[in-house]
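Inspection log for the structure reproduced underneath, given as structure tokens.
Chains: A, B, C and D, in written order; residue numbering restarts at 1 for each.
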Amino acid sequence: MADAKAAIPVTNSDSPYPLVARQAAPHVVRISDVEFGSDEFVVIAGPCAVEGQDQIENAARVVQSLGARVLRGGAFKPRTSPYSFQGLGLEGIELLRRASLKAELPFITEVMSVDQVWELEPRVDAFQIGTRNMHNFELLKAIGETQKPVMLKRGFGATLREWVLAAEYIAKGGNHNIILCERGIRSFDPETRFTLDLAGAIWAKQETKLPVIIDPSHGTGLPELIDPLARAAAAAGLDGIMVEIHDDPDQALSDGDQALTSRQFKTLMSNLAPIVEAVGRRMENV
Amino acid sequence: MADAKAAIPVTNSDSPYPLVARQAAPHVVRISDVEFGSDEFVVIAGPCAVEGQDQIENAARVVQSLGARVLRGGAFKPRTSPYSFQGLGLEGIELLRRASLKAELPFITEVMSVDQVWELEPRVDAFQIGTRNMHNFELLKAIGETQKPVMLKRGFGATLREWVLAAEYIAKGGNHNIILCERGIRSFDPETRFTLDLAGAIWAKQETKLPVIIDPSHGTGLPELIDPLARAAAAAGLDGIMVEIHDDPDQALSDGDQALTSRQFKTLMSNLAPIVEAVGRRMENV
Amino acid sequence: MADAKAAIPVTNSDSPYPLVARQAAPHVVRISDVEFGSDEFVVIAGPCAVEGQDQIENAARVVQSLGARVLRGGAFKPRTSPYSFQGLGLEGIELLRRASLKAELPFITEVMSVDQVWELEPRVDAFQIGTRNMHNFELLKAIGETQKPVMLKRGFGATLREWVLAAEYIAKGGNHNIILCERGIRSFDPETRFTLDLAGAIWAKQETKLPVIIDPSHGTGLPELIDPLARAAAAAGLDGIMVEIHDDPDQALSDGDQALTSRQFKTLMSNLAPIVEAVGRRMENV
Amino acid sequence: MADAKAAIPVTNSDSPYPLVARQAAPHVVRISDVEFGSDEFVVIAGPCAVEGQDQIENAARVVQSLGARVLRGGAFKPRTSPYSFQGLGLEGIELLRRASLKAELPFITEVMSVDQVWELEPRVDAFQIGTRNMHNFELLKAIGETQKPVMLKRGFGATLREWVLAAEYIAKGGNHNIILCERGIRSFDPETRFTLDLAGAIWAKQETKLPVIIDPSHGTGLPELIDPLARAAAAAGLDGIMVEIHDDPDQALSDGDQALTSRQFKTLMSNLAPIVEAVGRRMENV
């Protein structure tokens, strides 16, 4: 990794986060052939958790057909209670991989420990670091030693500065393939599950060279807010969104309440298109 | 007022806020001839505080020429410290009124006490209830006894439900001419002055019959975030924005740091137009 | 008032709040003959709202017999919903006054508007400014023009600095008879109704000359936390507590869930005594 | 571990956290011979980070001589920036171990990853899980597979329920030697670094069988608040405190601003004693 680090041009040596600070040239991160930070507005979609072969393959087909460019699905799930469904683990990864190949969509999935980084590196298209692990510095360092693209979610109790410094931990290891994802912070209001900090996501886009997306599903917990927030993200100049869909939200093993049905997702995509166009960007496959 | 109240159709008697709850027909609020909640996306602009005749008249002319539809300006200023500039008071109201007439723009200004309600009612086009007075129930009741349009800002420590119930206090008095304005809530992050709760504003729009706008100037305190947030508000289907402008932000007597220059405001308006069009709405005078 | 102001020694002219900043000599505030800020640890107790003559007179007798030194009770109630019980108003004040005389306890009650200040000034022993009115600057100014003792509750969304500056507004009018009361701030945790900021109360005690107490009833909403927090306040060197009691919490018209029964209040007083003694202070009437 | 789990009496099967929920008999956790949750009030003290042999040995001697019962010191430091001092690692552990033996005080130190758990298990007296790793579920599970005592700090963005469920993760693995430590949560107030949730700590004490302590050093960031909060913790019936001391706070490599000098720590211990006695508990070695 020493070589990789040596080759990195440090663009802003006065910054507290010189490696990820904003720079003149655009920094594009690729998950397979999908570009984040270019003129494409990228939609990542899929279920919260992989629950079985049919479920994930159907989901992959549906989201692909409606214009999503990356498949999401959790196999290792960080759950608040030890008695909740913890994910299918490696079996879930294998199901994701097959669904991804069939639908011709790259996939992203959460990684929760250093051991999993080594185990999953050859098997996944992109890593996700979840909100509860944003400050898991050993995990950040391990991912920094790979060249795998990684989506770094903001900790729900983390400041914007801490979020960007967590990205700097990864970049310091030599891996600059980082996508930032704002997914809501804790606030006092109980109506929405979290408070989606859109202004903070815009701040991160202006302050760093990294692509920035939002996750309005986790960020609000309310399906009816996802469509307008997706449009808001596009209008504000962010680089994409990640949304949860589930054929049968009531039966989902994790976070079903906030998932969109296929029909709702279709509406979202159709409402999103004119906004993406209005800001001079494009969506592939729509 | 009893007659006025008797005439109000209560549309959702199971709601905790039956008078302002969502209803089938659109509820349009007019400040002079400017409609909030119709298909127009309305921009309110002006300085934080009225500082003198030239300043407010110049500001009014500039914002009118660039497409703003309502002039804002504070004459009675709620300031955290008793030693800060407290506004020009009635003299400021008179300056506002003249600037408003010259520029042919209606104006809105903050009212801070019951006495001021009666004093300002014949002199202003619309009242603003500031974030620090959202829970000033005596003030809410007094405004409910007028028919003057009022913009009710969300308290920075208030839940969404409390905000809507504050509107219900006004409506219960007989005045349904209420515009809700999200202006940022307190959170732990120090980069932005407040955390603008766009999802909360969308929630309020879906949950009530009232027009909803945002104030990205106070909501973030950072001029560079105002333009993208204005676009986000339009894309999300909200009804307008309120922004601060100041010819010389460094010399402003109140909140200069967050004000846009005329040039920045012009850019904002020009960036905003295609988004407003993309969602099928319009801006007058642009 | 000009004379009163002229006579006030400004002790710390570099402070943002010179009139209330800490000074060498202790500043004692008296409600009738009860001293706040001396070596006495003062307990204020009573129901959230005055509901009737028997209720308030019984409550006064009970709290007096168990060692409380000031009676609390709300006649003008700031309620989130306009459809909730709003208090008995002036009739409630009269009931409070009689109960207070019979039990030989001074009383404190909330004031919500400038008009009420003038109306209640001759009738009450002390004013309370509630959390929702901490930033009602017109109310602060009006109270500053009286010499009536006032308990200024911290706004649940207000910073410590804003709280102290609100006190400075009152002092600037000439009234230094201010007691600060921490009553919990908004945070993300739903177990307790608010997050009681004991460290913030200690900070206010160190930073200002004013007596500081806490209200663990509103501050937590959980009766079982009130007793240990009362002891914590005494141990930390604060000047007193305010607690809600209700003979029949299930039937209370306001905030019954968090009220202590007489029996629980008796236990609290008995647990509190050794702590007060351990810090070298005293409780009268115990 | 299956055997260990089988032997655990589940005391409250209706609880969301049956293994750590409150039970009739007291649950005492021992770090070496020091008991948490008995009638002793325990003081843990030491520097934030181990910086060298002299520093940690002096600190150990001082805190032992003044009545602390456990030595704290960080060798693996979770730092927000990758460019900050990251701790001495295994060398620091060795220095801690020697200082601990010389001063005859057991020691506790932070562990940040699963690998470190196995590496440090034979070398340390107790583990600390820091606030940033409270939701590192793989780490919780690994510690659950040991029988080493562990202090679980509350995440600064974690709810009380999430904190207790994190303890349940450890207990589910078979390790019930858990001490909860409240260390402040994120709030909007900038005066204190975090908002110490004393009410939350009391809630955890009432809701679970586990010993609960507070860390007023990290919880406030202000040395002048530590002494009164230590007294508050004792008065409220909690089981101990953890404080940072540093001979030369200005030169500390980590968090020097909030450390107490030896002299201040001595005053704290002397002020604490009468409160501990007043609640019927004791401090050894004082």
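Things worth noting here:
Convention: a residue touches a chain if its C-beta (ideal position, glycine included) is under 8 Å from a C-beta of that chain, and two chains touch if they have at least 3 such contacts.
Only a predicted model underlies this, so the values are computations on that prediction, with no experimental measurement involved.
Relative orientation of subunit B with respect to subunit C corresponds to a rotation of 180°, obtained by superposing CA atoms and rounded to a multiple of 5.
Set against one another, A-D and A-C show the most C-beta pairs in contact at A-D.
The distance from the centre of subunit A to the centre of subunit D, with each centre set as the mean of the Cα atoms, comes to 34 Å. Taking each chain's centre as the mean of its C-alpha atoms, subunit A lies 48 Å from subunit C. Shared contact sites, meaning residues of subunit A that touch two or more other chains, fall at 157, 161, 185-188, 190. If each chain is drawn as a node and touching chains are joined, the picture has every node linked to every other. Those residues of subunit C whose C-beta lies close enough to touch subunit D in the complex are 157, 159-161, 185-192, 195-200, 202-203, 206, 216, 219-220, 222, 224-225, 228-229, 231-237, 274-275, 277-279.
Contacts from subunit B toward subunit D in the complex involve residues 186-188, 190.
Note for the complex: subunit B touches subunit C at residues 16-17, 78-83, 112-116, 132-133, 135-139, 155-158, 161-162, 165, 168-169, 172, 185-186.
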